[in-house]
Amino acid sequence: MKMGERKFIISSSPHIHDGSLTPRIMWGVSLALLPATLVSFYAFGWDAVRVILVSMVSAVVFEAIALMLRNRRPRQAMDGSAALTGLLLGLTLPPGISNAMIMVGTFVAIIVAKQVFGGLGQNPFNPALTGRVFLLIAFPAPMTTWPLPRDLTSQISSLKSFLGLAVERHADVVTGATPLGAVKEHMLKALPHINMGDLFFGLHTPGSIGEISALAILLGGLGLLVARIINWRIPLTIIATVFAVAFLYYLAVPPKVSGMSPVSAAFYMAVFHVFAGGLMIGAFFMATDYVTSPIFPKGQIIFGIGVGLMTIIIRLWGGYPEGVSFAILLMNALVPLIDRYTMPKPFGWVDRRA
Amino acid sequence: MEYLVLAINAMLISNLVLARFLGICPFLGVSKRLSTAVGMSLAVLFVMTMASTVTWMVYHGVLAPLHLEYLRTIAFILVIAALVQLTEMAIQKLSPVLYEALGIYLPLITTNCAILGVSIDTIEKGYSFLGMLVYAVFGSIGFGIALVLFAGIRERLELSDVPKSWEGAASSLIVAGILSLAFMGFAGLIPG
Amino acid sequence: MEILYAVGILSGLGVLAGALLAYASKVFYVKEDPRVEEVDSILPQANCGACGYAGCRDFAKAIVSGEDIVCPVGGPSVAELVAQILGKEAAEVEERVAFVKCAGTHDRAKKRATYHGVKTCAAAHLVGGDKECRYGCLGLGDCAAVCPTDAITISRGVAVIDPEKCIGCELCVQACPVNVIEMVPKSRKMHVVCNSQDPPQVARKVCDVACIACKICTRTDKNFTMEGNVAVFTGSEGGLDTAPFVCPTNAIMDESKYRALEFVLSDAVREAFEQDKAAYKERERAERAKRAAARKAAQQKKAAAQAGGEANPATDKSAAKPSEDGDKKDDSKKSNESNKIDSSPADGDKKAKKEDKAPKAEDTGKEGE
Amino acid sequence: MISKTFRGGIHPYYGKELAASRETEKLPLPDQFFVSLEQHIGAPVKLLVKKGDEVKAGQLIAEAGGFVSANIHAPTSGKVTSTDPVDHVSGRKVPAVTIKADGNDEWVDLEPVDSPESADPKTLLDAIRRAGVVGMGGASFPTHVKLSPPDDKPIDTLILNGAECEPYLTADHRIMVEKPREVLLGALLEARILGASRLFIGVEDNKPDAIKALEDEVEGLQLPENIKEISVVPLETKYPQGSEKQLIKAITDRNVPVKGLPMDVGVVVSNVATCYAVWDAVYNGRPVIERIVTVTGRGVVEPGNYWVRIGTPVSHLIEAAGGYEDDAAKLIIGGPMMGFAQGTDAVPTMKSTNGVLVQTRDEVQGPDFAPCIRCARCVEVCPMNLPPFLLAAAAEAGRYDVLDQDVLFSCVECGSCAYVCPSRRPLVQFIRMGKAYFRGQKKGK
C-alpha cells in the first residue's frame, strides 16, 4: 500500500480505556438492590412486585418522553439511571400505595427533579428522594399506612390486585406502626418492645417495602463497596454519626427498656436507630448517589456527618418519625458549597499569598 | 431558651423564603453568584434589623398609643422605603467600600416583602423588643442560608446542560421548590 | 376625630421622611455623570460584549470616562450619536461583517482522517482537524454557536455567514480556532474564498477550490494582491466583475451576483456560475478572435496600403472597442500573455489564445482540474 | 524490594509483551526522508539547505534559531528534493526537508570529544548542543538548555527516567537492556555538567531485565569523584510513573511546585534514550539522526523495536513490521495514553518519536461520551490532584471564567482521568481546549 493512502481515525489522547461504562454502574447498583427486592417480595408479596414494577417502568417511560421532547435519543432512557431511580423510589414506598401515586412520584423524580436540570448528571437533588418526599407531603395518609408483612389477607388481596381482579384492594389490610413511628409515639412513655432480629432481617416489621431488612441492604451495600462502585466514607460516617448521637441522647434521656442497664439500653436504642427505617438504604444507596453527593474525600465525610446529624435530629426532635429523606435532600443542597470548599489543591500547589 | 426556640424557628422552620415564601424576588434575582448572594444576605441582615427596630418603635411609640394600629401597613411601607433610601445614600457617601459591596442590593431590598413581612410579624406575634431583634436577625440569617445554598446550586447549574425552556428562573424555581420540600423536614422540630 | 389623627400621623411621617431624604440627598450627594444614562440609551443593548466591556452599560461608563472606544455593533450611526452627547468628533467607523474564507465543502476539500471526539472546532483543531488543508473551515460550528443573530449556517462541512444578518460583533472571529473568519467591509462584494497558505503544489492537491497562488487575479485586477500563498482582495472599489471568471479554481466570489450561502453550498448556483464563466470565456474567445481578425485585417490593410508600418497596440484596442467592457478584457489579455511561464491551468487559456482562430469549446469546463 | 510510587494513577493493560523481548533491529533505509523542521520546543530553526542540494548523513541542514533551539541533521546522504511542509505528529503541517536517499549512506566526518571523562563541562555542553540532542522521551526540550540551569538553582540530583510507563512502548526498555553502559556513561556526563552528586535511575518493576542490566553495569562502573550516590530505583508499575513530577516525588519525595520546574527542587530528569544520545554525541561526535522506535499494537503483523533514522516515514516502519492487519483503525505516534493519533502514515518519525502504535477497530470503537455523573474516579486517579471533571465541564460549557489558570495548566494531560471515566468523556481534550483558549487569549486573539 502506498504511503499515506490508508486513512485512520484521529482523536485526542488517551486512546485506551478501562472499559467502565455508566449504564453498567447503574445496573450494577440496581443489582445490589436485589436482596432488598427479594426480601420485599417475601414480606409483602405481589404488592411489592407491583410497586416496584410500576415505579421502574413509569420512571423509564417518563425519562424516554423527556428525552424525546429534548430531541435526544429515547434509547438513552435505558442507560439504567431512570430504572434505578424508579427502583429506589419503589423500595421506599409503603406496599399499599396506589399506582397513580407511584406514577406521580416517578413523575416528580424523573421530570421535575432530573430532566428539568438537563437529565443524567445534572440534577442537584436525588430524584428518588425528591419523589418520595413529594409523595410524603402531598399524600401523608397513604404514605404512612403500613400493612403488616406476611399478612395472609394482604397477600391474597395483593395477588388479586396484581392480577387486576380486586376492586377494593385495601379494605381488609391490617396495618401497624413502623418501629420508628412507634418509638416516636411512645417517646415520652415507655418504649415498646422491639425485636432487633426482626428489624435486622425485616420479615415481621412494617415499613417501606425495601427498607424493612437491614441485612438485605447491607449485603447489597457491601457488594457495592467490594465492586468499588461506592466508597466507605459516606455510608460509614452517616451510620457512625447516627449511632453516636443516638447513643449520647439515650444516655442523657434513658429509655425504659425492661431488664437493661441505662448504658446497654442506650446502646440498644442506638443500634435500633441504625437498623430502623430507611437509614441503611439511605446510607448505602441514596446518599452515595454520585450526582448529588460531594466529589472530594473530605467533602464526602462532611456530607456523611451532615446527613447523620440531620437524620437523628429529625428523628429525635422533629415532627416526622423518619428523617433520612429530608436529611439527604438538605445535604444535597449543601453539596455545591461543600465541593467548593473541599477541593484539594493541585500537586505542588504554592499559596499565592505566600 | 425561649429565644433559642425563637431563633431556630425563625431561621429554619418558618424560613422566610422556603416556608413562608417571602422575598422571592431578591432570592431569584441575586442568587446567580455566591459572592453576590453573600453580599445580599448581609445587606438584608442589616436592613431587616434596622427596619424592624424602627417600625417596632413607630408602632409601639406612635401608632399603638393613638390606637391607629390599622395604619401599620401603610405606615411601615413609608418608613421602610424612606429608611432604605436613606441608608443607601448614607452608605454611598460614608463608605464607598461598603457601597460597592452592598449598594446595588439596597434598592432591591426596598421592594423586598420579607422586610415588611418581618416587621408586621413581630407586631402580630407581640414580640418584645428583644424578641423582635432575635426574630429579625435570625429571620434574615435564615434568608441568607437559603440564598447561599441556592446560589451554590445555581452556580453548579450554570455548567449543566439545562434545557433551554427551563433555563434561568424556571429551573431556579424548581430548585427553590425542592429546597422548600427539604426544609419541611424541620417541621415540628420545636413544639409550638 | 380619629381620622384626623390618622391623616395627621401619616402626613407627619411622610413629611418627616421626605424632609429627611431631601436633607440626606444634599448631605450625601454623590455625583454621577448623567451622560452615562444618555449614552446607554442609544446603545444597541445587545449586551454582546464585543467591545470588550461587560455589556452596554459598562461600555457607556467607559466611553463617558474618556475611553476611546467604539461600539462595533452599533456602527457609524451609534458612534455619531454618542459623539454628539460627548461633544466629540465621531471616529470613522466602517460597517463590517464577518466572512468565512473557505469554500472547502466535503466534496471539494480532501479529508485526511476520520475525527472522533468532541464535536467542536476548538476540540478538533487540537488534533489538526480532519481536512487535509489545515487552513480551512472545520465546519463544526463554534462560530454558529456564538453568533447572536443566527447569521451562520453550517452545511457540508463549512460555515457561511449571511452578511445581511451579521451585526459585525466579531464573536465568531474570536471563536474560530483556525482564523478562517475575517472582518470585511460590508460594502465589499468581491471575496477570495480561500485561506490556505499552503504552497501552490500542496494547495492544489488538497482542495478543489483552493487559491493556488497563480496570481492571475492580481494581474487582471489591481484590487487583488498576494498575501503569502493566497490572493486577497485589498481594493477599495467593487472590483471587476470578471475577476471570478479568471480564477482557475473558482476561488473568487462576487457577492453582488451570488449570495455567499448559495455560491459555496448550492450545486445549482455553482453550475450557473460555471455557465456564466463558460459564457464569459466564450465571449472572451470570440472577442479575441474578432480582435485577431481585426488585427489581421489591419495588418493586411497596412500591408496592402504599406503605410505607417508599425502595428500599434493602441489601434488594436480601438479596434476592439465596440464590444462591452473592452478595457477589462484587455487587462485579462495582458495577464494571459504574461502568464506564459506559469504552469497554472490557465495554460489552456493561452493555448486557446494562440490558436484563437479556432477556439475549442471543450476547454471551458476543464478549468481548475 | 519495595517499589516507590506516587498518589493517584492507573493500572492499564500494558501490552509490553508484544515487543518487549524483541531485540532492536536496524531498519533498512527508506528511499525518501521527511525531516521535520519542528522537532523541539523553542525557537524555530534556520534552514541551511535548499531544493537540489546534495547532503551527507550527519550534515547540519537546519541550525538552531537561538539558545533554546536545536540543530537538525541530515539522516542519510542524498538530494534535497523539496522544502514543502509535511505532516507533523501534532496534526499540523510544518516545514520539512525532503531528502531523496542515494542509498550510499555517506557520512560527514564526525568530531568526537577527546577524552570525554576529563573534558570540561563547557566542551561537553557544546558537543551536545551541536549534535542537536533534545529530550527523547517525548517532550523534546533541548538537552543543552536543560543541562544549563541558572546559577541560583543548584542541582544535586540527576534522575534517569527509565520508567517507560506508557503502555505498549518498549523503546526505552530495549535501550536499557541493550545499551546499559552507554546510557550510564551518558548520565555520568550529564551529572558532571550539572554538578549533581546523586544519580538515580528510576525503572518500573515490570522491567526486571532492565533493572538487572543497569545494576550490573553500575557495579562495574568506575564512578567519577562528583558522584556520591548512585542507584537503580525500582518503581511501582503504575501510570504515569514516568511523568517528571511524579517520578521526582516517588524517588526523592520532593514536590515540584505548580508552574515550577524540577530544577526548582534541585533535580534534573533525563530520559534514558536522551542519555544514550548524549553519550553518542560526546563519545562519537554523532548527531541525533537515529533512535529506537517501537512499532507495536494489535494492528501490525509483527511488532518489534527498530533503530530508525529520523525522518523515516512511518509507512516504512510499518512495512518493516510486516504491514497492517486488515482491521487496523488507528495509528498513534507515541503510546496509547499520550500519543498522537495520525490521519495517515505519511507522517515522518522525529527525535521524540519513541513508538508507533496501531490499534484495531474493536480497540478503537466505543460508545459516544455521555454526561458526567460525578463518580469522582477522575479525581481519585489524577496524579496532579486536580478535579478533571470540573475543568472539563467548564471548558465544555465555554465557561472559561470559572477556571483557575494555575489549576488548569497544572494538568499534565496524562489521560488517567479519561481512561477511567465511565461516561467516556474526553476529559483531556476538554482540558486542552481550555488551555488552548487561554493561550489564544494571551496571544491577544
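Labels for the chains are A, B, C and D, by order of writing; each one numbers its residues from 1.
Heads up, the rule we're going with is that a residue touches a chain if its C-beta (ideal position, glycine included) is under 8 Å from a C-beta of that chain, and two chains touch if they have at least 3 such contacts.
These numbers were taken from a predicted model, which means no experiment stands behind them.
Taking the mean of C-alpha positions as each chain's centre, the chain lying farthest from the centre of subunit B is D.
More C-beta pairs in contact connect the chains of B-C than those of the other pair, out of A-C and B-C.
One finds 60 Å separating the Cα centroids of subunit B and subunit D.
Note on chain placement: the centre of subunit B and the centre of subunit C lie 55 Å apart, centres being C-alpha means. Computed from the mean C-alpha positions, the centre of subunit A lies at a distance of 34 Å from the centre of subunit B. In subunit C, the residues that touch at least two other chains are 112-113, 116-118, 123, 126-128, 130.
Multi-chain contact residues of subunit A (touching two or more other chains) are listed as 7-12, 118-119, 121-122. Chain contacts: subunit B has residues 161 touching two or more partner chains. Taken as a contact graph, the chains are fully connected, with every chain touching every other chain. Within the complex formed with subunit A, the residues of subunit B that make contact are 34, 148-150, 152-153, 155-157, 160-163, 166, 170-171, 174-175, 177-179, 181-190. Looking at the complex, you find that subunit A touches subunit C at residues 7-12. On the subunit B side of its complex with subunit C, the touching residues are 58, 62-63, 66-68, 71, 74-75, 78-79, 81-82, 85-86, 89-90, 92-94.
For subunit A in complex with subunit D, the touching residues are 1-18, 20-22, 24-25, 76, 79, 81, 118-122, 290-291, 293, 295-296, 343-350, 352.
The touching residues of subunit D, when paired with subunit B in their complex, are 371, 393-394, 396-397, 399, 402.
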